[in-house]
Every structure is written in structure tokens, then in C-alpha cells.
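Structures incoming, each one as C-alpha cells.
Below, chain A partners chain B and then partners chain C, in two separate complexes.
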Partner chain A sequence: MVKYPERLDRTFAALVDPTRRAMLARLEREGSASVSELARPFAIKLPAVMKHLDVRDGARLITRSKVGRTVTVRLSPGPMREAMDWLRRYERFWSASLDRLAAYAESKEAEMREKDR
Partner chain B sequence: MTSLTLIRRIAARRSIVFDALTTPEGIACWWGPDDGPVLLAETDLRVGGRFRVRFRMLDGSEHESSGEYLEVVRPERLAMSWRWAGGEEDPGESLVEIELRAIAEGTELTFTHSQLANEETRRSHEEGWNGALDKLERHFLTSANGGRHDQA
Partner chain C sequence: MVKYPERLDRTFAALVDPTRRAMLARLEREGSASVSELARPFAIKLPAVMKHLDVRDGARLITRSKVGRTVTVRLSPGPMREAMDWLRRYERFWSASLDRLAAYAESKEAEMREKDR
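Showing the complex of A and B:
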């Protein structure tokens, strides 16, 4: 089994590329698409699309199924959710903490000025 | 690699903000995601020194994180490694960096929490660096020898 931090690294690596993100956004909108449909908006050849899909497959962001000659790609949201959870968890923690830190420092500053007067 | 960046403008001078970030008395007043209490705060504020903070949330759960100070430049910069005890929230080690910039109204705080590359990537980076340093060392040794030859 792939360890959690390693999995997150792969997820973020897969999301860095704008072409991969655009494909992902499309899958999110439409649920599924064939590989050639995914290639159409981009000026890239099928093998290049397959390469992008391999990166995402490695990060387990998508699943592929083949019927006849058509390969259908679907989004598998697990790893992406994990990455977003990481960010959200820390954002909640630090956002609240830093708000209180600011309030505390400002009260200390006020105290100091009071003393100086 | 993923990271979270937050910016706060604080109406207090930098030294006050820095001390609030790094002293146990300061930490006890703000650390944690809700208004639950800080139960323990220890800081050994020097490069290589460690911190440990334990807090209780309003739902009763207790959490503890600790790490090592990597950079301590009062009042402008602080960097520390970060790990949760138990590790159920996030088993990996991460990096916290804080910049304090003096502005007209006091301090602008830029906070970044980044996930570190996993052990394997880190190792390969290290090997890469050590390899590069070895090469550099060889290069200088060679040119030093060359210099001596020229003089001889």
C-alpha cells in the first residue's frame, strides 16, 4: 500500500500541470469521457494524452475502462479529497490560531504603550 | 509539494509578535483551532532546540504537536519542523515558516505550512547534493593541484 504522504505528493504532482487540471475539470463536469474526447480541446496527440493519464493514474485520480476500442476515463475522487483535506485541516487550525495570535499581540502592544505613557 | 500560506496584518511591533509566537506564555494564549485550552507549551528557542505544545479542543479531544526550530532570527524569521504526536491527523513531517515584516501599522506576518517530500525523495535530494558537493570538492582539489604544478 502506498503511504499517505507519498500519495499526497503524487496527487499534487499530477495537479501541477495545466493540461492535466483542465482534463480533470472536464471529468468533474461530465463524469466520464473517452480518451479522444479528452484530447480534442488540446493541441496534443493521443500518446501525449495517454502520458498525462498515466501520471494521474499513478496518483489514482482516475480510473480507465476499455470497451472495444474506446477507453473511457472517470474521475476517482479519493486522493484528491485527501489532498484537499490536508489543506483544509491546517487552514482551519492556523487561521483560527493566527487570529487569536493577532489579538493577543495587539493587546500586548496596547499594554506596552500604556506603560510608556 | 503542497503548502498553505496565510497573511495577517497585526497592529503590534515585530518583537511582540515574535515573542507571542515563541514563548510558552504567548503560545498558551492563541494556539489551537478553537477556544479550548493549551495544556502544555515548551519551547527551547534556538536552532536545533525543540518545541512541544499540547491542547484540548472544545470537543474534549487532546492533540499534541512538536518539532525542531530550524531558523530563529528575532524579530523577523522563524522556521520549524512540525509533527503531530500519534500522527493520526497527518503522519508526515511538515515545515512551518514565519516571516515578520515591519509595516506602518505594525507587522505583516506571512505564515507558510508546507508538506515535506516523503523520505524517499528527501534521500534522493540529499544524495544529489552530496554528489554535487563531492564533485565540487574534486574540482577544487584538481585546480589547486594544477596551480601548484604551474608554479613548479
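Showing the complex of A and C:
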């Protein structure tokens, strides 16, 4: 069993590459896809796709199943949810920053009105 | 100006390391910290902390300011917000998975009740 900080490491590492992110986005839209379907939009060969998938496999972002010669890939939501939960705590920080910005803008506006009188 | 996919690459790459994540979490709690304050809880030397900060600097996760000999570090929310927005689209997927799971559990329960009659 991989521990939580290590799982987060792997998930974020798997998300670094834009091709990998595009594949995840496609799996999200379509539910599942075969490896060759996943490869099609990219100018990369099947072994390269398999390598991308292996990285995500290590991060447990996908599950694979094989029927005959076709390997079907599905998204496995757990690790990405953890990554998002980790990031979510910063929302408080962003909202606070936006509140401060709004308060600042309002005080500037009030100042301008004072001057115009 | 770094483009959006590249910014996401950098943000996710900066989030791979647990020490770096711990430093970001601290900055979120405390608003700002000096580099030596950031270094204190970790068994690493100041140059190593600076290296961690440099990676995050490249990813624009922090801003620095120097007063005298003290370098103060602050969290810069933009890139993490983008990373979270990217992950957020998968929420729909998680919720859908949970809905399917709930529907499956309910149908099983109904089946059991049928049998018990």
C-alpha cells in the first residue's frame, strides 16, 4: 500500500506532461478507450503511448483490461480526487486574496468620490 | 509569457515533492515567511531550501521580496488555481461514478428484498 504523500507525488508527477493530461481528459469525456484509439490524435507511436500509460498506471490514475488483443483503459478517480482535495485548501487563500482586492478597490472608489465633491 | 499548458506542467512538477508541498501549506497558513523560518522544520540546509524555492519560483507559485538581509516569501495563488480548475472537471466524473455505484447498490438491495418475499 503506497502512503498518502507518496501517492500525491506520483499523481502530480503523472500530471506534468501535456500529452498525458490530454489522454486523461479524453478518458474523462469518453469513459474508456482502447490504447490504439488513445494514440491516434498524437504524433507518437504505440510504445510511447504505452509508456505514458505506464506512468499513469504507477500513479493508479487508470485501470486496464484486456479482451483478446484489445487493451481498454479507464480512468480511476481516487488519486486525482486526492490531488484536488490537497489543492482545495488553497481556495480559502484565493478567496481571501480576492476579498482584500475588492475591499481595496472599494476604498479607492470612495476616495475618488471624496475628491470629486 | 509562459503558455497555459507549460504553466500547468510547471505547477504540477513543483507539487511533486512533499517538502515543497509542506512549505506551500505553511505559506498558506501563515501568509508569509522568511527563508530561514521555512527551513527550520526540515532537516535540510538553507541552500536546499533555496533550491526548492527556485523550482516554485519558476512555476510562479511564490513571490519573494528582500528587506535588508531577510528574504520574505509569499504564496502566489494564480498557478495553483489553474491546476485546481484543470482537476475540477473530473469532479463530474467522480460524482457520476458515485451515482452509478449508488444505483447499483439500490438495485442489489431491491433484488434482495424480492428474494426475501
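Definition applied: the second predicted complex is superposed on the first by the 91 of 117 C-alpha atoms of A that agree within 3 Å, B and C clash if a C-alpha of one lies under 4 Å from a C-alpha of the other, contacts with A are read in each partner's own complex, and residues count from 1 in each chain.
Criterion: a contact is a pair of C-beta atoms (placed from the backbone, for glycine too) under 8 Å apart; a residue touches a chain by one contact, two chains touch by 3 or more.
Source: prediction; values computed, not measured.
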So, A:Phe12: does it touch chain B (first), chain C (second), both, or neither? both
Once the shared chain is lined up, is A:Arg89 touching chain B (first), chain C (second), both, or neither of them? both
Could you say whether A:Asp116 touches chain B, chain C, both of them, or neither, answering first, second, both or neither? neither
A:Glu106 in the overlay: touching chain B, chain C, both, or neither? Say first, second, both or neither. first
After superposition on chain A, the chain A residues reached by both chain B and chain C are 5, 8-9, 12, 83, 86-87, 89-94, 97
Chain B touches which residues of chain A in the complex? 3-6, 8-9, 12, 83, 86-87, 89-106, 108-109, 112
Which of the residues in chain B come into contact with chain A in the complex? 1-2, 4, 6, 8, 10-13, 16-17, 20-21, 26, 29-34, 89-92, 106-107, 109, 111, 113, 115-118, 120-121
Once bound in the complex, which stretches of chain C touch chain A? 5-6, 8-9, 12-13, 15-18, 21, 24-25, 28, 75, 77, 80-81, 83-84, 86-94, 97
